[in-house]
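Next, two complexes with chain A in common: one pairs it with chain B, the other with chain C.
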Partner chain A sequence: MAKGYNDPAMEEKFQDRYFHATTETNPEFIKEIERLGRTHAHMCFQCGTCTGSCPSAPRSSYRIRKFMRRAVLGLEKEALTDPDLWLCTTCYSCADRCPRDIAPTDVIMAMRNLAFKEDIVPRNFLKTIQLIYKTGHGVPNNDANRAARLKLGLEAEPETTHKYPEFIPGIQKILDHYDMKETADRILSEGEQ
Partner chain B sequence: MAEEIKQPRIGVFVCHCGTNIAGTIDVEAVKDYAATLPNVAVADHYQYMCSTPGQQMIQDAIKEHDLTGVVVAACTPRLHEPTFRTATKEGGLNPFRFEMANIRDQNSWVHMHDAEGATEKAKDAVRIAVAKASLLEDLYPKSVPVEHAAMVVGAGVGGIQAALDLANAGIKTYLIEKSPTVGGRMSQLDKTFPTLDCSQCILTPKMVDVGRHPNIELHTYTEVEAVDGYIGNFEITLRKKARGVMSQDEATAKGIVGGGCNGCGDCEAVCPVIKPNPFELGMAPRKAIYIYHPQVVPLVYTVDFDSCVKCGLCVEACGDKKAIDLEMEDTFETVKVGSVILATGYEIFPVEKKREWGYKQFDNVITSLEFERLICASGPTGGHLVRPSDGETPMKVAFLLCAGSRDNTGVGKPYCSRFCCMYSLKHAHQVMEKIPGCQPYIFYMDIRSFGKMYEEFYYRIQNEGAKFIRGRVANILEDPKTKNLHVYAEDTLLGRPVDIEVDMAVLAAAIQPAADTDHVRHLFGVSCSQDGWLLEAHPKLNPCGTTTAGIFLAGVCQGPKDIPDTVAQAEGAASAASIPIHMGKVDLEPYFAQCIEEKCAGCGMCVNQCPYSALDLIEKDGRTVMHVTEAKCKGCGTCGGFCPGGAIYMQHFTTPQIVAQIDAFLLGGEE
Partner chain C sequence: MHEYAFFLGCIAPNRYPGCEAAAIRTSRNVGIELLPLKGASCCPAPGAFGAVDLRVWYAMAARNICLAEEMGKDITLICNGCYKSIYEVNERLKEDDELRDEANEVLAEIDMEFKGSVDVYHLAELYYDPKVCGVEKIRESVVRPLDGTKIAVHYGCHLLKPLKERRFTNSENPMWIEELVDALGAEAVQYRNKMQCCGAGGGVRGFDLAHSLDITNEKMINIAEAGADALTEVCPFCQLQFDRGQVEIKDKFGIEWGLPVLHYNELLGLAQGMSPQELALDLHAIDCKPFLDKIL
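Coming up: the complex of A and B.
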């Protein structure tokens, strides 16, 4: 609701802040997350052990506890459109230590899946899909790395699709099954995500 | 059994229990159905059968319809069987001619969303109950005399209080303690919240009292070996562990005039063996002949035979008192008591299992109980709180709440340990008071300060300058050079991860039942809940009793509780345990096995099966037959189900009664 400030920054600052618990939330969101993530996310009691354990938290704005809260409350849009969703390294430290035996990492993975269905994916992740499709690697080998490997007495190419490119079509078949390459190409060609 | 055969006339009463039953089950339909059943003389329903008018309905119907049996379809026998038995009796019938059909807890509550199915199930339950009620017989409870004595197992503050109450009520009380002194955990504490009075100062008068009360027979360094008998008549065998030292009374009894241990400590001074003192959690030494601390009751030394080298120096030092006997052996004694209170307490959860907090990996991570000893004036450091790594005074101390409590991972404990919030507040106060400038950081999820004056205590500690960080600690790492600790958590209220460097971290470790609890409960036939705490008879309405008649619970053995709650429960348990003793006799439910002597072959196979040693073989009229000691029989039916000759008759659960119930169920009410 516009309040008549002739300044977008002021409009933003003084917008309505109430959490409208009955209208703003999607009660199906937590069920969908639990179905995809196979973890009882609704039992989170917000102790913060996850964020305290998170290697990403001290060096970014990523707060996994906040995503757990959004899951419990059904704040679907807020969770799926927050770019921080993609800052989890999936190290599973939070899952190791959660006193409620929840796997917060799997909640994040479920949210990423739901976001992908709505075309909400950072460009670098989409580029990674393209690279995997093309080479079988998210981070393919390069000349500097090849030189380093040779210096260490290793073969230039590792024992992967780099050495056995005949297996790349298999990887492509898997990605095609989920239309990942197609989706990535489409979104990237549309410009901004 | 030789009753006049009379056509059964049964009255059926269906209770609405407000909407508890009637909200799901069509009580009118169940009543109408009951009226069609064979032998049913009258059927009715009422809003609350347990109310005075409800009971009056039963009494009136018995007279009006000349009933031989009563069925009430309502809640559970555990809740209201006594009520309806009394009503049956007041109506002029033997009280055991009452049968209950549970259509609430096992029906309307669990089938709340299936009204039709629940109504059909209720009809089945009523039909089955009527079938049994038609065959019920007059039975008479047996009363047995009660021994005018009680036993309390465990002499922590709960056991001490229970024993004092019983003894002051004029009951001879045996107080049994496995360690060499009374006092328990409370004697290890420095101060108590929220009043901050010295724990030992308020406990020692009670310790002294149990040591010299004329009605208390104190047995320290003693364990329960075996339990026999039943309410009113428990025969309990005690193992008096070889202490290696005689008290003055024991010496006098042996004719050593003026002998026995007077606690002088000359023996300890010469003993060459040094071991960690468990009372100080291993942070101070003791000798192989030792007392835990100067205020022990009784003041008698104990030899640790596991570490004693039997050099005999102590015997020499003791001289004419001749108190020490290095060849002493365990002795056994059997005592008879009417009721028993278990007060076996707790121990600290092995918090090193939660590896992320570094207990037993990093020197300066300690438990709260270790903190109590380190801050206590009579402790190993004389009350100077020091870092274990270098003896320095800590200036920043982290307190970690819920260290293993409220933990559903399977490593920790799912429950709240209930007193850690409060003692951690107290610890924060103590460091600020004793070490000027010392900053406590309390890492918490919730502060549970629910007792009288507890919230006010929380206010006070916050006002004194403790810093509260709302977040559970993720992990602790040690700086290997300084041995300082980095505590990692999220300040969830700020939404930022925190890394606080402290000199010392104190884990408010979860508690768990004392190691021997499971052994003790098996001896006394007491159940435990899922997490190992001893199970009360009812969590709200019978918190001191157990399902075994004559056995009561006091203190933390029943579940985590602080000192005020422990003392209150101990007083409750003492009161409950004194009831049968003061009554002088108890009625036993007459569900005894009976031997049908004509059928008994005297094989004796049942005698070995009986879990309560209630059966014997006797000679009668030239034959060997089985005989039941009714007071010992619990009516479990093991013998009755086992007897190859069908010679055992289970009162109130006879074969014809049970077969009639099965038939009624399977045949759907058809004759």
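Coming up: the complex of A and C.
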């Protein structure tokens, strides 16, 4: 709770200057973010250098400073359900310029991890998971490219899981350990219904 | 000869194979041998994978690093996205016992273990490092100087940022890739907001293409203002965003830039005498001919 003034008139006057915790607030939110993002997000003093450095800010309603505030205030639902969460290009300009040495980008990454746990995730991320599960690559080879590779004197398949598919089961084990494929399949099929 | 395990990633081998072919040949000319890193996968993409579950990002990248550890070779690569995943995960797992133990718990299921015995370098970084190659050696390898051409440099984000997790010293106005470009006989030109993102990262290209291209278009405006004949970068994903992105910008916004986009290794290949065919420049969405006409 915010500390009050002794003077009741002052208390009344500045009532709206405080943040009043509600049931919508989760005090664990900032702790989870700091653990996952490995950055001391609670130190944010809202200077706005992050938003000022952000290439996404001038062309959208995405304001990384707002997400920083939501982190500190524990406004978990508000942060995780805002589609602007997915407009960070992860350029890390904010992280390099933050005067409090926070990495706001990593706060966004932590929030995205938490959103994914609630099944909130854009479809393109899930399709990348499916491709990597199947081929080992997020951007797999194709016939036109195979032909081009041969012309260059390269082998049709690069020296990756493409040429050595025996490594793919190992990758699938890692992804299965975290139920990634299952989750991606489930969310994508739910979206098609 | 300096030997490195060559981590390919996805976009270079599977979309711009000229980058892969060029990297191998141009590096050999300056005393760097790139050895195949057999069975490597996607790095995995830091934006697309780190965003959904960082634990998977650590484990998957660690698997790729383990392959190089088994070879006993340091890793080099030609993509900034791969650099973020492979370099950063390598450094973090070396420093943080808890993260390393968690990754190793998963890797044990496939009989692998992250030991922390190798280092990770971007190939451009090795070219600049006098202990491995250096600008002079690059200059000496040139047989067809790119005289009379103006080239804009896009560093890309994940090579240099976050700076405190990198071995570089400047992410606001670095000049070392310009030195590498000047060494080829070209003139590296400066432009407004040079360090701005290409717009592709963080899954934004897949999530909101128009938004992502609007960022790219702002870069194109600034690069055109500087009168560049071509744009060079050290990241195939940035290359895809600038190259194919120009076609998408024309479709969506009706703006046509026609600016050739070449990976630094493709540029180096041209300067070392490789033909446009040997670099598969015909696979580029934007015709490189206006630029090639100036040097061939």
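Throughout what follows, the second predicted complex is superposed on the first by the 146 of 193 C-alpha atoms of A that agree within 3 Å, B and C clash if a C-alpha of one lies under 4 Å from a C-alpha of the other, contacts with A are read in each partner's own complex, and residues count from 1 in each chain.
Heads up, the rule we're going with is that a residue touches a chain if its C-beta (ideal position, glycine included) is under 8 Å from a C-beta of that chain, and two chains touch if they have at least 3 such contacts.
Just so you know, these numbers come straight off a predicted model, no measurement behind them.
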Could you tell me if A:Met180 is touching chain B, chain C, both of them or neither one (first, second, both, neither)? second
Chain B versus chain C as contact partner of A:Ala57, first or second or both or neither: first
Tell me which partner A:Ala95 touches in the superposition: chain B (first), chain C (second), both or neither. second
Which one hits more chain A residues, chain B or chain C? C
Could you look at A:Gly138 and tell me whether it touches chain B, chain C, both or neither (first, second, both, neither)? second
Could you look at A:Lys66 and tell me whether it touches chain B, chain C, both or neither (first, second, both, neither)? first
One more residue to check, A:Phe167. First (chain B), second (chain C), both or neither? second
For A:Lys13, select first, second, both or neither according to whether it touches chain B, chain C, the two together, or no partner. neither
Scan A:Gln46 for contacts with chain B and chain C and give back first, second, both or neither. first
Under the contact definition given at the top, report the residues of chain A touching chain B in one complex and chain C in the other. 93, 101
Where on chain A is chain C touching in the complex? 36, 55-56, 59-60, 86-93, 95-96, 101, 103, 105, 109-110, 112-113, 116, 121-122, 124-125, 127-129, 132, 136-142, 145, 148-149, 151-154, 158-164, 166-167, 170-171, 173-175, 177-178, 180
What does chain B use to touch chain A in their complex? 356, 402, 406-410, 412, 445, 470-475, 488-492, 495, 497-499
Applying the document's contact rule, which stretches of chain A touch chain B when the two form their complex? 43, 45-54, 57-58, 63, 65-66, 93, 97-101
Within their complex, chain C touches chain A through residues 6, 8, 10-11, 13-15, 17-18, 20-21, 36-42, 44-56, 59-60, 63, 106-107, 109-110, 112, 157-158, 161-164, 171-172, 195-197, 199-204, 206-208, 211-212, 214-215, 218, 277-278, 280, 283
